[in-house]
């Protein structure tokens, strides 16, 4: 039986949100180094790979490695009820995950049934990326909204020192140029021009949980999956999104 | 013809909200001591008993007792239009209730037709309660939301010094322990353990109008109706809610 | 090819909102004096006449007069994406309107196709008004909401020194008296009593874009169209709304 304690329950809520934005169920693998989860969205065009090191927990007591399959939407609903200044204790008990919120006055215990997750994902796509950009997360969220006005798809194109996005549809076209200015674009590196088209709805789900003020790392290769990485405190989120190939 | 004046129209709006959350029509009985209203919700599983003393009014001029049956949802809509710093004058005129909002600049008059209320409720259920708890209203609202995640029903259980709630459904279970700590639980008194199961939607409607910072008094008896009491300024709200009996 | 630049893109967004609240497409006529647009709503019971002088632009470069027909809802969506402190440059290019938002970091370009507007409106209704009232915009918005509770129509009546509104429906009646007090009513002038009934939904769309703190000028004549005028910065909005004639 494991026992994990995180002093700030809201932080764990934020971590789970970053996963549930894309997938509705998954298995947390609990090992000495920390907790990881890999899952594909139901349509199979995107995946999330989550890792949080054990040091993020004030108690991390695991007699042996464990796998906890959960309906993540139910977990998310429970975590959304977190009050300010509550700690969270998680234990396995009788094939259920016990979540105990410990506040100044009294405590609440939720028990969520563990489930057999339909399919586990072990491997990340193997892409040799040639173009990388570090972009401030908040402006990137705005860019996604700009593009949503025009289309369901967005084109990312990166050259030596410019990150260019475009979208076009019946109502009009959008072009957006972002130079390497140290403000929106923090760092950019591309051996040659790389670009691809992506589904905006998935992209929005992927970057939604990026905390305000944080940076997002994007890796691009022409007509290959996009790789998006950001941190939530000690946790690392890595997402892959398949490109949209116009027929 | 009566004439009532309340200096703070928003206060009367808050009073009416506490009734309309549960019932859509009712009769105000206007007598020397004050105004009262008793009504059952359409399904018959809950009732509200409202009383506001005449001293809450700056003018309370009633030649004789009066009964004013109203569509409370229409009354509520009119009161929702109250501006800051308005007084409210209520008169009966020609089988209509005249509501006159008096502000610094100009005035607004609404006339609402009086109606025959389908059925009047005279008596409150006669229960000898054995367990009582005084609980802060705001945390109780949170507890109701916690439970709503899991089920449409909530179990209240009270023992000598603990108020315990639980809820369970397909997605999981909730247990919440509240000790007599002087913060959430202000006072608790139970001769023996008492408990019952209640419909969450009704409970939510009942406590919704409790002003921020106010206290709610709960009286419990095993498998008997719940009694909930709180104040809105000088007004007293008493609610009864039948227990849910699992078959 | 024209080139217009406005230093505060949000101001142009507010201007376009005042038009799109009523009509979904229209032609901007761009001439030396400024930009104007006249359009009727699809039902034909109201019209808007918009004018903004060229001095509101920091660049107003027009080789010849131009007419730019647009889907105003698409234009409005694009303008809603304006960030703080952005300037807006508008050019015609290849039968499209180019909108370039220029911010501190990078720029965004939208291109919207120009369209043939179904029908152009050249003339404003010719009414000899006899009653005029200058009323503060914010309280007028509240009055419209008061009336919406009771009906889909509102009666405006104006006499020498009173602006009176009323509405009645199944749920009750509203009467509202506004004296010439210098606060809500700024100025009132009527040779004799004038009044008419108007559709509330259209009236709400007409006054919606009036900036907080601004004044609205109303001109009335019994059973003739209402004329509503207000300013958004340097721009002038004039609306006409046909009266509702009960059969």
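By letter and in written order, the chains are A, B and C; residue numbering begins at 1 in each of them.
Convention: a residue touches a chain if its C-beta (ideal position, glycine included) is under 8 Å from a C-beta of that chain, and two chains touch if they have at least 3 such contacts.
Computed from a predicted model, the values in this text were never measured in an experiment.
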Chain contact graph, described as a line, ring, star, complete graph or other shape: complete
Same-site or different-site touching of chain A by its copy chain B, using the half cut: different
Separation of chain A from chain B, taking each centre as the mean of its C-alpha atoms, in whole Å: 44
Shared interface positions of chain C, touching two or more other chains: none
Chain A-touching residues of chain C, taken from the complex the two chains share: 71, 74, 77-78, 81, 83, 96, 104-113
Contact footprint of chain C on chain A as seen in their complex: 139, 142, 145-146, 149-150, 171-179, 181, 183-184
